Every structure is written in structure tokens, then in C-alpha cells.
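Chain naming follows the written order as A, B, C and D, and within any one chain the residues start at number 1.
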Amino acid sequence: MQLGLVGLGKMGANMRTRIRAAGHEVIGYDPRPEVADVDSLESLVSGLDAPRVVWLMVPAGDITRSTVSALAELLSEGDIVVDGGNSHYSDDSPHADLLGVHGVGFVDCGVSGGVWGLENGYGLMVGGSADDVATVMPVFDALRPSGAREDSFVHVGPVGAGHYAKMVHNGVEYGLMHAYAEGYELLEAEPLIEDVTGTLRAWTEGTVVRSWLLELLVRALEADPGLAQISDYTTDSGEGRWTVEEAIKHAVPANVISAALFARFASRQDESPALKAVSALRNQFGGHAVIDAAGQSVGETSTPDA
Amino acid sequence: MQLGLVGLGKMGANMRTRIRAAGHEVIGYDPRPEVADVDSLESLVSGLDAPRVVWLMVPAGDITRSTVSALAELLSEGDIVVDGGNSHYSDDSPHADLLGVHGVGFVDCGVSGGVWGLENGYGLMVGGSADDVATVMPVFDALRPSGAREDSFVHVGPVGAGHYAKMVHNGVEYGLMHAYAEGYELLEAEPLIEDVTGTLRAWTEGTVVRSWLLELLVRALEADPGLAQISDYTTDSGEGRWTVEEAIKHAVPANVISAALFARFASRQDESPALKAVSALRNQFGGHAVIDAAGQSVGETSTPDA
Amino acid sequence: MQLGLVGLGKMGANMRTRIRAAGHEVIGYDPRPEVADVDSLESLVSGLDAPRVVWLMVPAGDITRSTVSALAELLSEGDIVVDGGNSHYSDDSPHADLLGVHGVGFVDCGVSGGVWGLENGYGLMVGGSADDVATVMPVFDALRPSGAREDSFVHVGPVGAGHYAKMVHNGVEYGLMHAYAEGYELLEAEPLIEDVTGTLRAWTEGTVVRSWLLELLVRALEADPGLAQISDYTTDSGEGRWTVEEAIKHAVPANVISAALFARFASRQDESPALKAVSALRNQFGGHAVIDAAGQSVGETSTPDA
Amino acid sequence: MQLGLVGLGKMGANMRTRIRAAGHEVIGYDPRPEVADVDSLESLVSGLDAPRVVWLMVPAGDITRSTVSALAELLSEGDIVVDGGNSHYSDDSPHADLLGVHGVGFVDCGVSGGVWGLENGYGLMVGGSADDVATVMPVFDALRPSGAREDSFVHVGPVGAGHYAKMVHNGVEYGLMHAYAEGYELLEAEPLIEDVTGTLRAWTEGTVVRSWLLELLVRALEADPGLAQISDYTTDSGEGRWTVEEAIKHAVPANVISAALFARFASRQDESPALKAVSALRNQFGGHAVIDAAGQSVGETSTPDA
């Protein structure tokens, strides 16, 4: 089939390659002409035969919103827009409504797999109507791994459900990564452990904790022993925050995922105002030694604590 | 080679089967005569040619300690005892010392894989001297999966290091399981998600969160949709607690693993004394409605909070 | 001065009493005629001389919004509305804008003190213009304790700042209450502690942890030893959730406040779906005994853990 | 009465002053001759009339143990040793047993109040026999505030109970301090809040969160606005760790206290190995930009997350 693909960043470009390798025609648009197949959304739309399918792989938020708005004007009854980016699920219904005015369908698709998806295939979580999903199925089949469809593709529910599932997927991912990270730190801290990387590698087959993330951690450690080349400054791209917000909304205790999220926040602070307050309190009541901003000890440690 | 195997519970019996399938001779002892090959530790020892290797697969703590003590009297210079159970790592050096008085070597081996290890092979984390480990290697090779040795076997360090690595492995396992569990609960809570099991199954290939534990969760949900047949009462077998204790000892922040541990504690409480205290406080300052032990609302809700 | 007071629930009625005791005239309106001084908002407004001050003490959300809308039509240039309820701070600017069209000022005021405020006075956190705040000051002075103004009153910043400060106040309150609650639970769990209530009471003077909340906890325990009459089911009234949402927005690690919030969520679950998932996983990999919904043990415990 | 006081650090010296001010005779010993009244433990003991009471205010662990051992040799039947330091409660029974061989009694006393205790009095939590506690009561009464005895003194239970209660007290203190600290950080982060110190000060009377710790936090902020002179590096003196260990032992969920403890651990790390692992993982699967150790961005950010 034919597909219009908007957004040819790392993910979009890889997806174009994989979809083409499955025998489909892909017309890609990106503001950077050196990677684009056409020079405008208009050219992309006019290059497709109706009914058209246009897949967005652009940053969530304003860019996705403006692209959907533009496509609402360019597309026609029976066409379908797929938002494959990481939009917040609450953006999906407004997008579906806006397109629906023009008779254009909307499907939201969470895509997981990172840079490895080109080779391995992507996991796909989809929201929308059964008919729209069926229309896009050849593209989904091209993107996912070659095994059983239900192991890497799911039609989760109505519009919004795909991005919701992807959001939770990423929230879980935060927790998983941090669980391995705490284990890694503990292994590094214990002198008995003479080979941390080897220990983690030996977990990759047979054990209960084996996973793809673990294989990636071993790969990172083998490339950079002790992770000497990497800072602990860790950003977050929104889904972890949204997952905790949804947990609050649904009154779901999410201690693990929120702990993983908060640890990333802390990693980006030069100084923790909270811990400055704790230090100040200790100094107030106990005369505890605190370290001032210049690294000097101030105050005197009392013998027993307060 | 020959192996004496003490403890033929679910794990031990499966391991006997797998080692025998690799062509080794195994003499198994267990206090339950219906599963044992010999009727006493003495018979087990006398049935092996020196230098002997005796592998323990018995409960950690007193039973392991008494078995090591008994073997110290029965074995001879050059023999080796392997503790494959879930002993706390601090038990290992005393065991090595006790056996060492008789010239008997000691190896601690953390074994992961559960009931699936019989078929898939086990992940193995080993502590001890290079010579002792080399002697036992044919058994390690029989137990682990058939791939590259370093993907499922590691000589972590000196005596104690194997159990230490296994303890951390299980601590990580607590965190991983709880990350999936929080995601599962959130998917269950959201009406958009029409197919929770299908969503989780679609994560098993291609996605970042794919893992063996996830496959098991899908398997459990397919067998028991909604987990209707399972209580939320969750026990713990020690390694999670030990991992948090080690985190405290090494000043490693372990928010994720401890949250997973504490959630298990909470699952076993009929009532939370802490939350009773919180409820009592709210009633004190705010006249907040609280639910009394008989399920009746007591007090009146003030309009604004305190 | 004169004050119109809308909302005569537990908090509002107490505040009316306290303001009157300070010598001011208060006209109170409430839909329940048995507590109201007038029978309508219109009567309340017409009973006040311009420039009027009308204080709202009604539930946050729709009721506050509709009351502000009604007052926007009834009040005149130079009048002031004070929202003393627990509105989300993001509601304040829209309210100020709506009233501002009619030349009516707006002040948001967080009020803390619960049912004890009648006697002790309330802590007040105020947002708005300096002029509007100055106009209402006699009422603020009547409500707060009789000590130095700055110990119980603060003009925090522009419109919204008062409710923001109150939200954080309540978030801190969640953390404080849960810290005492965890200590209480631990004292209850330890056999060495023969007198839990006495221990907590002995913390109320001289110690570092002394506070009003601690006094309330002792009071609750003295009235109901062991808190036998109180359920652990604990509700939340919004500010805790909002505080964690703000922490996420500002990338502030809020592990303590979120843990306190999540514990309340968990207290309201008959069963934890997350822990059911953990139990199911343990059963899958380890053949661990799990407790089924009917309280029967299913599966067999393997000797060592997975 | 007479008291021997061993250890004249900040706490011990203040306590000597307060006890003397109540009309008792205190003979103080410290290895630093400039603060001591006598030059040896022997002189201290010989300066007291039997039955003697000797109060230890020395660092927990080896120094307390060696001092108790020395006193066991120096004291006589009917004398009493009080350990007022922050010993782990499990040290108390061995000390009582060792002294008991010589007919010497033992009382453990947790002391709270910090440097303010000199003026305000200390909160006291005591373990031991009723007779021994009664003997020391005049000293307890001198140390505690002048109000009702039960508001600042408790005989918690047998030997060990006093230190257990003090440990929990300090664990609660960790949680309380961190709750205020998170609130402080959030107020600092929000532009609406124009006066953070003033907001906190306005919480000190009338509000639900009022406490002595809050007054100290305001005092610290008034002395050092923005806490500019204080580092966030925060040490811990053991009781927080012990409290979490006891929570693990008793299966008490302690999410708040452990979060406060772990935050201190994190504050002392130049880099978090765990977050380095998370960053490395993100780079592996997503080509996410990570910040290398030299502050340079490496890798390219993919458009959607993994």
C-alpha cells in the first residue's frame, strides 16, 4: 500500500526504511529537505491516491497539533491520519474530532523499540475504530516483528487508548530501568563483587530477571566499563510524569514508578533545596556539622544526636 | 562426573534431572525416602568417589548450617561443598572456615530460574576459589542454558560473592515485578483500555519492556483473566529484605526496591496501624469523616480541609 | 467592619463565631436556612454597605465557581470577594478576571486550623493585591491567633499564591502525619515498647519531634487506646494530589509526600491489583505458594526462591 | 542527689549545667581535662557516695562498650549505670548483663532536645527496672521541662526500650524534616510564592503543620535567606538506618522514613551510579542525548521516546 510519513527524525527515517523493505510505497516529508521525499505537506498529500493514510512521527504537543490541523484542510473523506508520536492521550480525541469534521479518520499508535526497531521491529499499541485500524494493518504488519501479530501489536481500544497504553509502557520502563540501576549501584558498592559487568551479563540467560533492557545495560557496560563516559544527568520525555499523574487520577499507588521519576529529577539538580533545608534543620537543633557552600565544615557535631 | 545432591524439593529434584540428562551421575539425598536415592548423608558420602562434590539445595539458615556441620565431619581433604540455596552471604565465610578445618572446599552458588530451569537451564552466580569453581564446572555447565557460558554463569568473586549477587538479583526482581504490577493496575483502572491482557502480550516482542517476567505475567493473565483466582497477599523470602539492608549498609538509595518490598508487607496486613493513625489525626483536627471498624461513618466532613 | 460570609459548614460557622467575637458584623448565607442569617445571596449583598467584602467558605470546584459567577452579577465596583475554601490555585485567576470585569477585587486565602481554629485562631495564607488585602485585614486579624501577625498570616503573592501556599501546607501535612504514623506502627510492632501512647505523649515536650499534630495523635490514642474504633480507610481531599502534580510540574522530587498520598490510596483498596500481579508472577516462576481468593494455599513452595 | 557524668561534649556539658541548676551535685569526666571535673573514671567513681549513679553521654558503639566494661569493674552492688547516648537498643541487654554480674543496675535513656535542651529541657525515654528508674528519677526530673512529667518522660519498658523509643523518635524526625523540606523546595520553585520564609513563618501558629521543627526552619531561613550558606550534603547518625532495619524486621511499610533516609544518601554522592545506568540505558535504546562526564551532549535525541 501507499503511506505518507511526516517526520523523518531518527524514528521516522528508520520506520520509512522498514516499511519500504516490506514492499510498501512511502512518501516522506520533513522540513529538512535533505531527508525528505517531497517539499511540503501538500505535495505529500497530492502524491498519494485516495483513500490516503498519513502517519505522523513528529514531536508531541504544538507540532503534532499544527500538523493535524494542516492535514484536516488537505485530506478528504475516507483518508486516515495516524499519530505515531508520543502525544498525551488527551490530545487524541480533539484531533479525531477535528479530522472527523472532514470525514478523515484518526488512529493513535504508540510505537516502542527505539533505534533497534529498524532491525527488530517495533511494538505497536493502537487506538481507533476497527475499520480505520484494519485499513492501516499492512503498515502495522510491516513495522512489527515477524512473529505472531498479538505478541507485538494490539488494538487497545477507542481513540486515545493506543497512546494511553504507550504512556503506561513508558512508565513501566522507568521502573524497570531503575530497578536494574539500583541493583547495579549495589553491586558496584560491594567489594565482594569482583566483576559487575560479568555478573549482569550472567543474568541475561536462564535467570528470572533476564530482559532486553538488561542486555542493553550489559552492552553499555561492555562498551564503557564503569560507565566512566556517562553523566548521571538524566532527562525525561514526559510519559513518566503523565503516568504518575494518571496514577493520581485513578488513585493507583505508584511508588515504584514515581520513585524512578523523582530520581531523574534529583539527578538534574546541582543542589537539592530540600536537603539544604534538612541540613539547616540539623544544624539548628543539634549543632550538627554541616558542609557549607564552600566545602567547609561549619558548626560542631554534638556527641549524641538530637 | 559424580555429584552428591542434598535436598530434593522442587528445585533440587529438577536440578537432579537436568544434571543427569547431561550425562553425570547424581546421588540424591532427602529426608523423604520416596524421593531420595540414599537414606542418609553418610550413604551419600560413601557412595561418591573422592574427591567428592556435594551440592546443598536445602532451606537457608539452620538447615543449611546443620547440614554443613554434618558434612564437615563426613567429608575429607579435597572434597568440595557447594551451597546452592538462598543463604545469606554472611553465612558463607563461616561455612567455608568450618569446612576448611577439614581441608574441604566451599563454593556458594546463587541459582535462578525457578521451575522453568529444568527445561531452560538456570542462571548461576558463583563465589569461591578458582580451583574449587573449576572442579564443579561440569555441573555448572549442565545446569545452565546451552548458550555461551558467560551469559548464564559468572564466577563473581571469593566465597560469599555468589550469594551476594543472587541476593541483588532477587532485589532487582522485586523492583521489576512491581514496575509491571503498577502498570498492570493502571491499565486495569483506565476505561480506555479494553484489553489489558492483550496490551501486555503486545509488549512481549519489539518493545523496550519485553522480558521473561512479562511473558510470565501474560501467561498468568491468560490462565486467569483478571487474576480472579489469586489473592493479593504476597510473601517474601528474605532476599528483598537483605537487599534493602545492604543498600542501607552501603548508603545506596534504593527507593524502588524498598517500595516493592514495603508493598508486600502492606499486602499482608488486615489493617494498617499507620493509616489508622492518619485517619485518627484527620478526625482530630478536621472533623473529617472516618470509617469506623464496623464500616460506619463517624464524624462530619468539614467543608474545607484543615 | 462588615463581612458577608457564604458557606456555614463546620469551618464557616466557626469562623463566623470568631469574627463576631472580635466585634465585627457578619451576615452569613447558607442554603440550609437553619444556620443562615439571610435567605439568599441577594439578601446578603443588599445587607452590606459598599464597599462590601464577601468571603466564600464553600466546597472547591463547581460550587465555588458558580458562587463567584453569581456574585460577579450582584456586587459592584470596589467590592471584594475572598475565596477562603480549598480551591485549586489555577481557579483563582479566572475568578479574579471574571470579577475584575465588574471592578470587583479578588483575594484567595488558604485557611488552616480545622475545628480548633475557633478557639486557637487560624493560620492564613493570602494572595491578591496589596490594596485588597489591606481592606480585608481586620477580618484576617480576627481569624488568626492573637500573637504576632507574621506568625499566622502571610501575604504570599499575587492572586493564586494563597491557595498555592495552602496546597503545599496540606502536602507537607500529609508527610508529617505519615511520618508519625510509621513511627506509631513501629512502636506498636515492638514488644519492648510497653506503653505506646505514653511514649508518644512523652514526645510532646522537649523533644525534636514535638508538634501540634503529635498532641492530636496522643489525644486520639488516649480517647481510643490502640485506635480500635477507627478504620484504616483514609480519604484525601485533593491537596495532596495537587501537591504531587505540582512537584511533577516543577521537577521537584517529592518521595515523602507522594508516599503518604499513595498509602492513602492503598488503604482504600479491598484488594491490590498490583500485588495480585506480583503474587501471580511468583507463582509462575517459582511455584511459590499463593493464597487464592478463598484463602486457600495453591501451588507448592519451592525450596529456594527463584 | 549526686551524679557521675561521663562525656562532656556539647550534650553532656549542657546536661551537667542543667542538672546542677536543679540543685544536684554532678562530677563530670571527659578525656579532655579542660572540661572535666576529675581526671579519670576511677576518680569519678571514688568521688561518689554509694549507691552511685553514673550517666554515660559518650558516642555509641565501641566507646560506650568500653566505658561500660570499665565501670563494671569499678562500681559495686547497688550502683546504677545510665546510658544516655544513642546506643543501638541491642547493645543494652549485653551491657545490663555485664553490669548485673557485679550487682550493678542498668538504665537506657534516649535523650532528645539538642542544644536547646539546656534551656528548654529534654524529652526522655527510659528502659530498665522500676526500682532503677525510680532511683534516677531526680535526675530525669532535672533534665526534662518543668511541666507534667508524662509530657516529656516515659518509662517505656525493660532494658532496651528507652533506646528503641529514641530510635523510632529519630526515624520519625527524618520523615518530619523531609516533609518540610519537600514543601520548602516546592515553595521555592513556584514563582507565585514571593516570600517563602514568610510563608513558612506564617505556618508557625494556628496551622495544622505547626511544630518546633518548623520554627527552627524559619529561624534558619531568617538567618540565611535562601540557605545560601549551607550545602545540601547531609549526613546521618545511624538511627534512621536502624529504624528502617527495624521496619524490615517487623514487616512495617516505612516508605516515608526510608525515602527521607535515601535522600540523605543521595545528597552525599558526587554522581549517582544508578542514574548513570539509567542514562546509559536511554542512550542504548533510544539514541537519547546523554550528558557525558565532561558536560558534552553525546548521541542524538530521537523524536519520539522509545
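We take it that a contact is a pair of C-beta atoms (placed from the backbone, for glycine too) under 8 Å apart; a residue touches a chain by one contact, two chains touch by 3 or more.
Here the structure is a predicted model, which is why all the values come from computation and not from measurement.
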Other chains in touch with both chain B and chain C: A, D
Label of the chain whose CA centroid is most distant from the centroid of chain C: B
Distance from chain C to chain A - Cα centre to Cα centre, in angstrom: 35
Rounded Å distance, chain C centre to chain D centre (Cα mean): 31
Multi-chain contact sites of chain D, meaning residues that touch two or more partners: 112-114, 170, 173, 178, 180, 182, 185, 189, 208, 213, 247, 251-255, 259-260, 262-263, 266, 272, 274, 285, 306
In the complex, chain B residues that touch chain D: 208, 241, 244-245, 247-248, 251-255, 258-259, 261-263, 265-266, 268, 272, 274, 285, 306
Touch list for chain B against partner chain A, complex: 89, 112-114, 117, 120-125, 127, 144-145, 147, 150-158, 160-161, 164-165, 168-176, 178-180, 182-183, 185-187, 189-190, 192-195, 198-199, 201-214, 243, 246-247, 250-257, 259-260, 262-263
Contacting residues of chain C [partner chain B, same complex]: 7, 9-12, 57-60, 84-86, 111-116, 170, 173, 177-178, 180-182, 184-185, 188-189, 213, 216-217, 219-221, 224, 227-235, 237-239, 255, 259-260, 263-264, 266-267, 271-293, 295, 298, 300-306
